[in-house]
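The two complexes that follow have chain A in common; it is paired with chain B in the first and with chain C in the second.
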Partner chain A sequence: MAIEKPKKDPATVLRDRCPTGIEGLDNILNGGIPRGNTILFTGSCGTGKTTLSLEFLVHGAIAGENSLFVSVTESSDKLMKNVIPYDFFDETLIKKGTLVFVDMPVIYERLGLTEMELSLEDVNTIVKAIGDLVDELSIKRLVLDSVTSVCYRLKTEEKIREFILKIGKTLSDRGCTSMLISEISPSAERYSLYGVEEAIADGIVLMGNLERRGDLLRTLQVVKMRGTNHSRAKYVLDLTPAGILLVPLLKGGSGGGTT
Partner chain B sequence: MTDTVSFGIPALDKAIMNGIPKGYTILCLGSPGAGVELFAKRFASVNASKEAVTYFSTSERDEDVITTMKDFGWDTNIKIVNIGTMYYEKVLAKHLEVSRYRLEGLTMKDIRQFKMAQSKEDDFGLQNFLTTVTYEISKMKPPFRIVLDSLNFFLEYYNHKDVLSALRTIKAHTQHSGGVALVTLVKGVMDSHIESGIEEIVDCIIELERQREDFEFKRNLLIRKVRNHPEKTGILAYTIDEKGISAKSVG
Partner chain C sequence: MPKSPNDLADELGQMMPSAILLTITDETYFDAIRGIADIFANKNKLNTIYISAAIPSQSIIDVLSILEVNLENTYFVDCISHIMVGSTKRHQNVHLVESPTMLENIMLKVEYLMKKGGDRQNVVVLDSINMLGIHNSPKILSEFVHILNNNMRARNAYIIIFTVESFGGSDEIGNLMSFVCDVEMNMKKEGEP
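So, the complex of A and B:
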C-alpha cells in the first residue's frame, strides 16, 4: 500500500523571488516579491510610493531585468529627473533601454481613448497594449503609477475588477512582477480607493505617515502577500540618497529624525 | 446707387441689383448634382485679379478646385484654405492610425514617434476648424470675396449653435469691411430648423433646383431672399455646359 505524502502548505513552497533591491523590504518578504505577483502599493500622498517603485525598477534594471514604468499622472521626463539624484542610479540604464518610461496619456491618445469614461472594450485595449509592450521589451518588472488614475476613468466596479484581473493575469502570464500604485486618503479605512483593487491583488503593501514626537514618519507595512510568509509589522521608511532604508517602527520611531 | 460686385452670371446680376451689394453674405443651396460647388467656384473666380479671394474647401483637394476652374477658363488667382485636408491630417489620419494600433498592437517606436510629433506640434489636440475659418476671414482686407464650401462639414462636426455663431461672425466682418461672402449648403441633409437659422442670418439666398422632366433635367435658379428687396426674389432658368453656368429669365 502506497504511503500518501503529506501535502505542503502552499505558503511554505519556495517560489522564485523578485528581489526589490530594498534590503529591508526583501527581509520582510523572505527574499523578495514572489515572481509574477501583482502587488498593490497603497498610501496617501507623500508616503514614498513612487520613490519606492522607482527604486524597485532601477535595482531590477541593474540586475539585467528589463523594467517599465507606466506613468499615468506625471510626465515621465519629470520622473526620470527624480531618480537621477540617487547614488544607485545609472543613466546608461535608460540609454540601453533596460529602464523604460512610458506615459499612459500617450497610450490613451494612440489608441484613441479620448472619452473620459472608458468602456469594457477599452479596458481590453489598454491591457493588450501594456501586454504588447511587455512582450516587445521583454519586461520583467513593471510599475503602474497610479492604478487609481486609470480606475478613475473606468468608473464602475465591474470595469475596475475586469481591469485589475486582466492586467494582473497578463503580467503574471509573462512572468512580470508588478507594482500597482494606489492612492488613498490618509483617513481611508481600506487599502484602495475603489475597494476592488485590494481584493484582487496578490499582495498589499500599505504606506502611511505617522506623527511621533513632532516628526512625521513614513511607514510601510506588508498587509498581504500571496506565495510567501512575511512580517506584518509596521516599519519606518527613510528616503536616503543611497535608497530606501527600513527599520522596525519601535526602534526607528523612538529615535525620530527621519526625513 | 448700390455698390455691387458680380456673381459671374450676367442674368443673375441683372435680376438682383446689377450684382450683389458689397457687404452681403449669400447662401447657395441645392440638392447634390444641382451645381452648387460649381456656382461657388464661378463666384470665386469672377474678379479674382482685383479682389482678395479666399476659398475654403471642405471636400475637394486644392488641385481639384483649380483644375475645375481652369477647365471652364476661369481665373484661378485665389487662395485656397483646405479645411478638408487639414481635417484629414489632424483627425482622420489619426483615426486610421488608431485602428492600426488597436489591431496590430502598439510598439515603443509608435510611442516615441508620438512624443516627438507632440513636442513639435504647437496646436496639439483637437483643432477647432471653425476658429481656423473665422481667423482666416478676420485677416482679410477689402475688397475681398470669401467662399465657404460647404457649411455641411461644420454642421456635421460641430455644435450647430457654434456654426451659426461663426456664420454671424463671418457676416459681421463681411458687412463692416464691404466684402462679399458666399456659403454653400447641401439641401435636405440638416434639420429644417438649422436651415432656417442659416437662412435667417444671410442676406441673400440662391437655391439651385434640378427637376427631372421625361429624359432631361430642368434647372431652376431660385432667388429666394434679397435682404430688404423682396421684389427681387424670383426664378431664373439655368444651364450648365462647357462654358460654365448661364441663366435666363423664364416666363
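So, the complex of A and C:
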C-alpha cells in the first residue's frame, strides 16, 4: 500500500524567509521571519530590543539587503556609540549606504510636524515619508525604534491603529520586512503600551527580564508569527560581540526552577 | 596508583567525541586538568573550554602556569570569581558568569567561545558536577547537563564532567550522570581500589 506523503502546511512552504542572521532566532522561526512581515518586538528596558534589531539590520546589510534604522528615541550617533562592537560589523556598510540611520525628529522637522499631538493627516504624511524613503533607498529591512514613541504623539487609539495598519501595509507592499520596537513596563499584562499595536502586527516577540533566585536573565519568546510554524518556548539570551546567542530556559522540573 | 596526565590523554585520544564522566580525587585534580587541557587538547589541536565551578579560574591558571602549561587555547567560564568580593585579577581568556546558579549563562558562554573558536574542535571540561550541585537543585542541574551534553554531541565536541570521589552528594545526580554520559572514567588505574 502506498503511503501518502504528509501534506505540507502552505503557510510554511509558500512564504519566503528573511533570515535574521541570529542563529537561535532563525531556528525558533523555522528559517527566519516570513518576508514582508511587520513584527512587534516588545519588552521593558534593558532586554536587548534595540541590540537585536540592529543585528537584524547588520546581517541584512552584509547579505546585500539595504537596511534602514529609524531612530525615534535617541540620535543615531549616540546609539552607535553605545552599541556592542560586533566582530562582524563593517563600517563600510554605512559608507556604502547599505545600512542607513535616520532620526525621526529630523523627519518630523522636514515635514513641518511641530505640534506635539499629530493628526490623522499627519499620520498619512509620516507613513508616506517612510514609504518614499524605502522606495528611494530600496530598503528591504526596516526597524522603527520605537513605535511607542511615535504613538505617544498620536494619543488616540484610532490614530495609532491607523498608523500601525498603514505603516505595516506600506512596508509589506514593498517587500520590506520590519521590526517595530515597543516599550512596555515589566508588569504590563499586554504586549504593547496602547494595546493596538499587538493586534495588528504579523508577529510578536516578547523580550523580558526574568528574575530567578536573585539572578536576572534576559529572555525572548515568540508569541505569534504569521506565515510560519515556530517555537513558543522561552529562551535565555546573551548579547555578545559574536551576536545574540540563545539557549532554552531551564525549567527545573515542574517547579519551574524559580524557587 | 593514579593515572598520569599522559595516561589520561592517551585514553581520551582513543575515543570519539563523547560525554565522559571522570572521577577525580584531590590528589589527581591537577593531573586530570594537565592531561586534558595540556596534553590531549594540544596534541589534537583542540580548544579547551573550562567551566570552573569548584575554584576560581585564576587559581587554576596560576598552578598551570607554574607547570608551564600553554594556556593559549584554553578558555575559562568562571562561575565563582564574580561572587568573590575583592577578586580583581583576570586573565584575558576568562569569561565570568555571575553565579553558578545561572546555568543558562554558562551554556551561553560555552556557545560564544565555540563560535569564537571557529573551525577548531573543542573539549569542554565541567569542574565539577558536585560543586554545581551545591548551588542548584538536582532537577535543574539534570536538565542543564542533558542539554549541554546534547549540544556538545551535535557540535562534535568532547565534554568531560568531573565528579569528586570523596564528595558523595545526591544519588539523584549520580544516577543522572550515569544515564547521560557515554563513558565513565577514573583517574585511578584499572583494577586498583
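Throughout what follows, the second predicted complex is superposed on the first by the 233 of 259 C-alpha atoms of A that agree within 3 Å, B and C clash if a C-alpha of one lies under 4 Å from a C-alpha of the other, contacts with A are read in each partner's own complex, and residues count from 1 in each chain.
By our rule, contacts are C-beta pairs under 8 Å (C-beta built on N, C-alpha and C of every residue); 3 or more make two chains touch, one makes a residue touch a chain.
None of these values were measured; they are calculated from a predicted model.
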| item | value |
| --- | --- |
| First, second, both or neither for A:L245, with chain B first and chain C second | second |
| Touching partner for A:E136 - first (chain B), second (chain C), both, neither | first |
| Partner chain in contact with A:E115 - chain B first, chain C second, else both or neither | neither |
| Which superposed partner A:R213 touches (first chain B, second chain C, both, neither) | second |
| Partner chain(s) touched by A:I107 [first = chain B, second = chain C, both, neither] | first |
| First (chain B), second (chain C), both or neither touched by A:V236 | second |
| Which of chain B and chain C A:E91 touches, first, second, both or neither | neither |
| Per-residue contact with chain A, leading partner among chain C and chain B | C |
| Chain C-contacting residues of chain A that also contact chain B | none |
| Chain C-facing residues of chain A, complex | 87, 212-215, 217, 236-238, 240, 242, 245, 247-253, 255, 257 |
| Residue ranges of chain A in contact with chain B within the complex | 100, 102-103, 106-107, 109-112, 125, 128-129, 132-133, 136-137 |
| Interfacial residue positions of chain B with respect to chain A in the complex | 94-95, 97-98, 101-102, 105-108, 110-111, 114-115, 118 |
| Residues on chain C engaged by chain A in the complex (per definition of touch) | 98-99, 101-105, 107-109, 111-112, 115-116, 137, 139-140, 143-144, 147 |
